[in-house]
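Chain nomenclature is as follows: A, B, C and D, assigned in order of appearance, with residue numbering initiated at 1 for each chain independently.
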């Protein structure tokens, strides 16, 4: 079984940029920045790679903490940082190319920051918009859930 | 296919599909399946198209795009939802950013199920859609013949204006 | 003159098979700046881990993208297997390698076709896709799916390929090897291909490193970044060298992909010759607990599947960093200073897979 | 391209079979292992609901009381997960694809199981 060795070093908000600059000076390549929210703690992983050696810096923050951007060191971080901002609502300051929350426009704001997003299947918002135009639309039919409203629809079809 | 008199042109839009169905739509155009035998062309311009092929599900950002393309198409047209995502949202229908099938935004005439669909299925779907298109055309022609100030004319004007 | 105008490019555009939107700031015909805006394909499937148990999530992982679907499932399964310390049988590892290389062949042929199409070389497009169909046939025959295979599962693979079938596949590859060579020959030497791509979309080695380019984009700029060298699946026991070109332009990226076709054919043959007998899966007991960054080399480059689990049947967090999203910053750099007419070629040269990039 | 190699290509193309399948006039290519639509042998089904629990697309609904097994064809992704999880091997995959569905046509296939026979059998046993 192939299992890579993966080191994870914790950093703080204060020394994040300096640690990242150190990685840059050593010739590492920024692989990705990924965020996760576990209970109330945001865990941001900065992954670096050099000749297939994989190293991580980990930043743990709580809600409301402003994270400094590392786009000054690695410009390509802008895409990940904007994504984290859009999906998690973590505020990151001084991003070189800041989309201001418009990189990924989602129907739910900061979807990963909310507890389990439950999209209620029975009540799709746009359903009624053109239900009349499309007649019986198969994708809206909730026959798979016999208890909702197939009867009403069937009646409509008959009429 | 024998009763086919006109060459329908299709326009393809990838709503938020995984590419699986997209490349199968493209594969229809390439040598093995070659829908150009039927005179079907893939055009990039909605104003030239008769058939609107949508792959993938609808989300917040592309809702308007789909509507725009549909509104720009000349009116007796058909919409084909290709793939499970376009039909109902597929495996992603519970995702926060997926509103569901294409039927949420525009009326769909033919659904082609499959994940991912096979080119043969797409051809079958197009054949079915052609039948519907012919019907719609006949109805449209009848309507514009009898009506002097009917909605059909107004519709046609609106399309031109777009 | 030299007034600046902004031209919106996409999301629905004749050369783009997928929706990406670029605001191109033009000075005459020259692009000064390109601002990408994505999100047309964002589904938010990473959040689905809360609903599906970790074994069923494979089906969703492979639907991240219809082109690299097999490699996505390998990446996800590899992460779970590493966390749970599962010993995947050797035969399954070899089968995964074979299918991964088949999907690389299919993806690169698809791309070469699209690239030719972006240059207006329709005939080449048709030829590339005709060869691709034979690859898809082999895929469908062995896995059951043309583009979405669904054979990879946590702990192994679902289907086996018989030895007779493997022989047949190798023989088939031999016969289409010549056709692939003919096709590559056009990309290597044809004057019109060179004219459209040499010196277009420059990305220096330093920029590629700084902007985190991966896959053929990095390889085309002289960086030997190939994760197959880490030896996952069966790559550790196969003989190959990453293909590197130093031209730093669209042409080099094209050459890298064309050469990788021959390399993939070679790797499949090696794997088919050395495949050991044995089981194709292990039983999975219990739930994963831990975290792992699983890295695989997709046709488009390095892909990361980060999985964190806490011992329940639903994993806590799955994060996918796809090669296409890593290649967007280099794309922005490449577009600066190019001609408006070259934009489609440059956009295609990174092999954008927006379905991947936005998940 | 030299004249010679061009002639070679032309000759090759002249005698080669066309690459196109004339579908639908000609039948489509099919492989044995192709993943097509799901079918059920309803007599084998015990309505345990494992298939619907593991369905990534939630396409399957099992109603134990009414003894029905229904699948929404517009939701099913033909992944074979239900067949793998079926303890009774009632569900199987065919290599035939579902035909396109015109809007308004039914998209849910309902399979009705036989009514339960165990109870009368048990009653008979008791009586005997």
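Heads up, the rule we're going with is that contacts are C-beta pairs under 8 Å (C-beta built on N, C-alpha and C of every residue); 3 or more make two chains touch, one makes a residue touch a chain.
Predicted model only: the values in this text are computed from it and were never measured.
Q: Treat touching chains as neighbours and tell me the shortest step distance from chain C to chain D.
A: Minimum step count, chain C to chain D: 1.
Q: Name the chain pair with more contacting C-beta pairs, choosing from B-C and A-B.
A: B-C
Q: How many angstrom between the C-alpha centroids of chain D and chain A?
A: Here chain A and chain D have centroids separated by 34 Å.
Q: Taking each chain's centre as the mean of its CA atoms, how far is chain B from chain C in angstrom?
A: Once rounded, the distance between the two centres reads 29 Å.
Q: Where the CA atoms of chain A average out and where those of chain B average out, how many Å apart are those spots?
A: About 31 Å, centre to centre.
Q: If you average the CA atoms of chain B and of chain D, how far apart do the two points sit, in angstrom?
A: About 25 Å separates the centre of chain B from that of chain D.
Q: Any chance you could list the residues of chain A touching two or more other chains?
A: Within chain A, the residues that touch at least two other chains are 105-106, 111, 117, 134-135, 137-139.
Q: Among the residues of chain B, which ones contact at least 2 other chains?
A: Residue numbers touching two or more other chains: 31-32, 59, 61, 87-88, 90-91, 93-98, 101, 103, 107-108, 111, 115, 118.
Q: Which residues belonging to chain D are in contact with no fewer than two other chains?
A: 19, 56, 58, 72, 74-75, 77, 79, 101, 103, 107
Q: Contact residues on chain A for chain C in the complex?
A: Residues in contact with chain C: 1-4, 6, 29-32, 34-38, 45, 47, 52, 54, 56, 74-76, 78-80, 97, 99, 102-106, 111-112, 116-117.
Q: Per the contact definition, I'd like the list of chain B residues that touch chain D in the complex.
A: 1, 31-34, 37, 80, 84, 87-88, 90-91, 93-94, 101, 103, 107-115, 117-118, 120-121, 123-125, 127-128, 132
Q: Using the touch definition up top, name the residues of chain B that touch chain C in the complex.
A: By the definition above, chain B touches chain C via 13-24, 26-27, 30-32, 43-46, 56-57, 59, 61-62, 65, 69, 90-92, 94-98, 115-116, 118.
Q: Going by the contact rule at the top, pick out the chain C residues touching chain B in the complex.
A: Touch list, chain C to chain B: 11-15, 17-19, 39-45, 47-48, 51, 59-60, 63-67, 69, 110, 113, 125-126, 129-130, 132-133, 136, 145-148, 353-356.
Q: List the residues on chain B that touch chain A in their complex, please.
A: 58-61, 63, 87-89, 93-101, 103-108, 111
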